[in-house]
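Below: a set of structures, written as structure tokens.
In the two assemblies presented below, chain A is common to both, partnered first by chain B and then by chain C.
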Partner chain A sequence: MSSQKLLLENAHIEGIRYYDVYRKNGGYRSVEKALKMAPDEVVEEVKKSGLRGRGGAGFPTGMKWSFIAKPEGVPRHLVCNADESEPGTFKDRYLMEFLPHLLIEGLIVSSYALGSNVTYIYIRGEYAWIPDILEQAIAEAKANGFLGKNILNSGFDCEIYVQRGAGAYICGEETALIESLEGKRGNPRIKPPFPAVKGAWDRPTVVNNVETLAAVVPIINIGGEEYAKIGVGRSTGTKLISACGNINKPGVYEIDMTISVEEFIYSDEWCGGIKSGKRLKACIPGGSSVPILPANLLLKTAKGESRIMNYESLSDGGFATGTMMGSGGFIVLDEDQCVVKHTYTLARFYRHESCGQCSPCREGTGWMEKLLLRLDQGQGKLSDIDLLWDIQSKIEGNTICPLGDAAAWPVAAAIRHFRDEFEWHITNAAEAQTRNYGLAHYADPLPVSEPVAV
Partner chain B sequence: MADEIKQEPPANFKVTIDNVTLDVPPGTTILQAARLIGGDVTPPAMCFYTPLKGSGGKCRTCLVEVSKGSEKDPRPMPKLVASCRTTVMDGMEVKSITSERVINARNSVVEFLLINHPLDCPVCDQAGECHLQDLSYEHGKAGTRYEFKRRTFKKHNLGKYIQLHMTRCILCYRCVFTADQLTNKRQHGVLDRGDHAEIATYIEKSLDNQFIGNVIDVCPVGALTDKTFRFKNRVWFTKPVDAHRDCPNCCGKVTLWERGNEVLRVTARKDQWGEILPAEDGKTGWICNECRFEKKDINDWVIEGPMKVARHSVIGANHYEVLDRPKETISAVMGGRAPKLLMDIHSISEVNDPGVDLSKIPGPATGAVFNREKVIEEKKD
Partner chain C sequence: MEQKIMIQFSQEQLEKVNQIIARYPEGKQKSALLPVLHLAQEVFGWLSTETMDYVAALLQIEPIEVYEVATFYTMYNLKPVGKYVFEVCQTGPCMIQGSDDIIAYIGERLNIKPGETTEDGLFTLKVAECLGACGYAPMMQVGKFYKEHLTKEKVDAIIAECRNNVSVNN
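Now for the complex of A and B:
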């Protein structure tokens, strides 16, 4: 079964990076169509599509757009969040590198819908070669009348600027991104006020992920209702998944959110199974911040149903037995991976990337990293596991921005599902330095709890 | 007339904090409302500073639970909110010390703040007027669960008057806001991020602005200290008196910290929350470097009278006779046994002269002063 492609449909065409080829293959149709509609109609179309933010949180895009304040005489801004720094996520890079015009097209339509005459693309500093690609695409679009003054005689003016970040994960948080865009230190702001009311330079601002904005193009082309028919339930449309880790075919895949996780990992059309014929141990399905799941809970939910690659199914069971769709950074771990070391690596990342503004995150991430390093080196104590659990619970929900939660969840999930392995690292410390815990029972089918008769 | 009535400010909001209801004007934050109630209900605040625009929200010690959003939208807020940056809504219900979640969160924030803070209060110049010290007495635990090396930094000299000891810093950003808002040239910011972030003047530039000394006053801990005062005296041995002078740069209204007739330190006047008081004539209460560092002669100042102190620090307790004698503590440390004899030192020893209350002696309570007092009293007789 082949999934319907909306974003990467033309990605294989030679030269699609350039305006002429892109235009010949149906590019910029949505701009022509949208500019004949009223801005509110465009917003309505996106609302109908049920498109949800592709950056991680999954907030309905149409609703986010309708929140933007429209005070008289104050310019509004659309900012494209291309600060894709979540470990395991590289879908936006692929999109911008191979289909820059798709993003520009989506940006023009979205800017029109929101009334943004100056739109920014904030791109992470590490993507050093991509701003050139984007700037070339912007120049081409401008030369062909899709940007600048009075686009297609509609009276709508729009300019797009590319702003490079300086390499900070925190600048992917929307208010930190706005601070950084303004030229300040990238510290998240305290909300409220939300960016939709007071964003960049205190003007109403909408910040959207690259993939979200690119998805506006097929929505306008085929119509919101048609788009909503793809997928299932509230997970409409298609989603880019960047698969990586111990799989045969890592890469960026577009799925329509109806295939099962098992099919996604083992089908030759997608990941092509686990590398070197090993067995699946664990997986982080949505980028490093979302909870890690052992193989048994990943493939089947606690109710015994097959887990599907969409927002609802992946989060089925809450954090106790489920995880999140997140940004679509699909990280697969085979039986030879050590969850303790893996958790330490993530904790080290979050410690390094914490902005240091609020105390629980600044101090807690460093503390967790030190404890996990000690555990990984076989010098831990059993009480350290409880301490880690306590620290993560005290960071979660008490911070200014979601980075605190993002740092706490992987540690919590690793302890929740892999406590045996942590304990083995302590009780068999010497052995743990020479070999891995292995698959253990993490792929064993779980008993499905029968509903209790009252 | 009808138009004028419409122009009147909107009605006050009713807010309930820990079952105490009060009316406050719209725009008041939960913290400000709680401060009106005072006492234990008031959340501690380490980073919020009323005169500094944009401060607050960072330290997370003032987290409170909003159990009812407002009359219009009664849903509770899912997360604890920073009371210093959340404005009240009409009919809002807030839980501070009545919520277990809040107490837990507050205790954990204190633990986080202390894991990398050097616990060397006895040798720290801020001891006695340190907000973190107060906070850890109120919410901290006696032991620590942190078993790693604490983070340290080198000491820095910020100009000739101010010393920065980053090791003690809790990154409240107050000094950054002060430098930003009081001085014309911003040189004072934060470098790096996370737990290795540090307050710094950009590439070690010294700060020569007339008002930069105020960063010492806003610092809640001993990270920024006055080099003209450092280690000259413990604050609880000094006597704070309000004084003023005619200053061309600032309001000139200060607090002098004296010992005898010697002015050891000059600071701005602060209220019970440790915040700079505005001067009566509507000017800001910030004082200039000249007043703060150069005028250390008692003749430079017109003394107004002793400073009123409350709440923060041992200076606030000042008169030790109000303290309860710790009888319970004695039996606790003696393993449940009561002491055979609990003696009042004054009743059995002439050395400490029961007739003289130490805290009422003007100036330092040294032996010389003590004897002189006696001489004066004898002469009276």
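Now for the complex of A and C:
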């Protein structure tokens, strides 16, 4: 089954990175259409579309936009979050590299809807070659009257500037991003006040992900209601998934959110199956922060239904047996991978990226990293597993920003579902240094739970 | 031989700084700090105290405001680095594709450990966390660009290319 493409449809057209080719293929129509509407009507279309933020949290975009404060005489800003640093996630990079004009087009329409005359793209510093691509697209759009003063004689003025970060995952968190935009350390702010009221330079600010803002283009072109017909339930439209790990075809895919996880992994249209004919062991389907699932719970929910690539189905069962859509960073582990070691690298990542403001996060991430390294190296004790559990539970919910939770969840899920693999690293410490635990029972069919009579 | 570099932007670079400042609201020139530090590092190679003080003066902010930022972000070099910096990603998705072996191999070839610079000042090896190239692993950043799908052969070729560039340019 083939998915409808709304974002990447034209990605492979030669020269689509340049204005002329992009325009010839229908580019900037949404700006022409939106600028004839009232800004609130644009917000209304986005509300109707059901679009949910693609940066990880999945918050409804139209609703977020309607919260922006409009005090008299105070400028408002839209900031595009291109910090993309969640392990497993590389979809925004793809959009910006191959379809820069799609993002610029989405930014113009969204800036109009929000009343942002100066809009910023905050891009992770390591994507050092991409600002040139974006700045060229901005210059071309401006030369053709889609940016600058009085765009298409609408009276709307808009400039877009690109700012590079300098290596800090935490700057993807929206208030840290704003601090960084202001030339400070990326320490998240305590909310409230929310950025929609007091954001960059204390002005009302909306921060949205690259993919979210690109999706505004098809929403305006086809209308919010049509967009909402694609997908299922509250998972409307299409989603970019960046797939990596032990699969035959890693890459960035656009899916409508009706295909099953199994189809996504095994179909030649998507990941093309597990590499070298190995068997699937585990998967982190939404970026490093979301819970890891063993193969059996990944492909089927605890109720025995086939799991679908959308917000609702991926989180079916809560954290006990489900996971999350997150940022769409889809990490696949085959039977040869060690969950303990993989979890250790993630713990190291979060320790490295903690901004250090809150002690549960600063101390907890360091402690978890040390314990996991010890376990991986065969020097752990059985009590370390309980200690890890205890530490992660004390971080979750006790910090200024969600990085604390994001650090706790991968550890919690790994222990929840792979506890025997952790134990084996202790009971069979010497052996664990020479081979890994393998697939074990992680792909076994789950017992079908009988409905419990009350 | 240790060369003393004058910490001073050229006229053209100063113009660039002014363009960057103009992107932000009036009086909020501190916002230009991250981009101006990137520029300073590009021009002077790394961020010495002298360089940071110079940037502070340019943006009319306190030197401490610059130090705070320069020490927070991993991309700013607070000590000299080699002409070519190899930053190899070691996070989960790269680890399962063999990044540990790549790091070890580069270390062996250049006879340095992560964090060190070769004696001739040509190469620095660093480990990095996820760089957003997980589907093209293993990978490393070299200067502005990414080198992806690394193998030992590819690493050899990259090292040779860097050495070659240097001998051509000198």
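One rule holds in what follows: the second predicted complex is superposed on the first by the 454 of 454 C-alpha atoms of A that agree within 3 Å, B and C clash if a C-alpha of one lies under 4 Å from a C-alpha of the other, contacts with A are read in each partner's own complex, and residues count from 1 in each chain.
By definition in this document, a residue touches a chain if its C-beta (ideal position, glycine included) is under 8 Å from a C-beta of that chain, and two chains touch if they have at least 3 such contacts.
Because the structure is predicted, anything quoted here is derived from the model rather than measured.
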Query = After superposition on the shared chain, which partner residues are touched by A:W409: those of chain B (first), chain C (second), both, or neither?
reply = neither
Query = Can A:G397 be said to touch chain B (first), chain C (second), both, or neither?
reply = first
Request  = Once the structures are superposed on A, label A:E86 by its partner contacts, choosing first (chain B), second (chain C), both or neither.
outcome  = second
Message = As a test of reading the superposition: which chain, chain B or chain C, is in touch with more residues of chain A?
response = C
Request  = Check whether A:W367 is in contact with chain B, with chain C, with both or with neither, and answer first, second, both or neither.
outcome  = first
Ask   = When the two structures are overlaid on chain A, which partner does A:C358 contact: first (chain B), second (chain C), both, or neither?
value = first
Ask   = Is A:P75 contacted by the first partner chain B, the second partner chain C, both or neither?
value = second
Request  = Examine A:G245 and indicate which partner it touches, taking first as chain B and second as chain C; both and neither are also allowed.
outcome  = second
Message = On the A-aligned overlay, A:F146 touches which partner chain: chain B = first, chain C = second, or both, or neither?
response = neither
Ask   = Now for A:K341: first (chain B), second (chain C), both, or neither, which partner does it touch?
value = second
Those residues of chain A which chain B touches in one complex and chain C touches in the other = 168, 185, 352-353, 355
Ask   = Can you name the residues of chain C that touch chain A in the complex?
value = 23-25, 28, 30-35, 37-38, 59, 61, 65, 68-69, 72-76, 90-93, 95-96, 128-137, 141, 143-145
Task = Over in the complex, which chain B residues touch chain A? Could you list them?
result = 56-61, 63, 79-80, 82, 85, 104-105, 108-109, 111-113, 115-116, 145-146, 148, 151, 170-171, 173, 189-190, 192-197
Query = What residues on chain A touch chain C, complex-wise?
reply = 75, 84-90, 93, 118, 120, 124-129, 159, 161, 163-169, 180-186, 201, 242-246, 250-252, 288, 329, 331, 333, 337, 341-342, 345-346, 348-349, 352-353, 355
Key: Residues of chain A touching chain B in the complex   = 168, 170, 185, 190, 351-360, 362-367, 370, 387, 394, 397-400
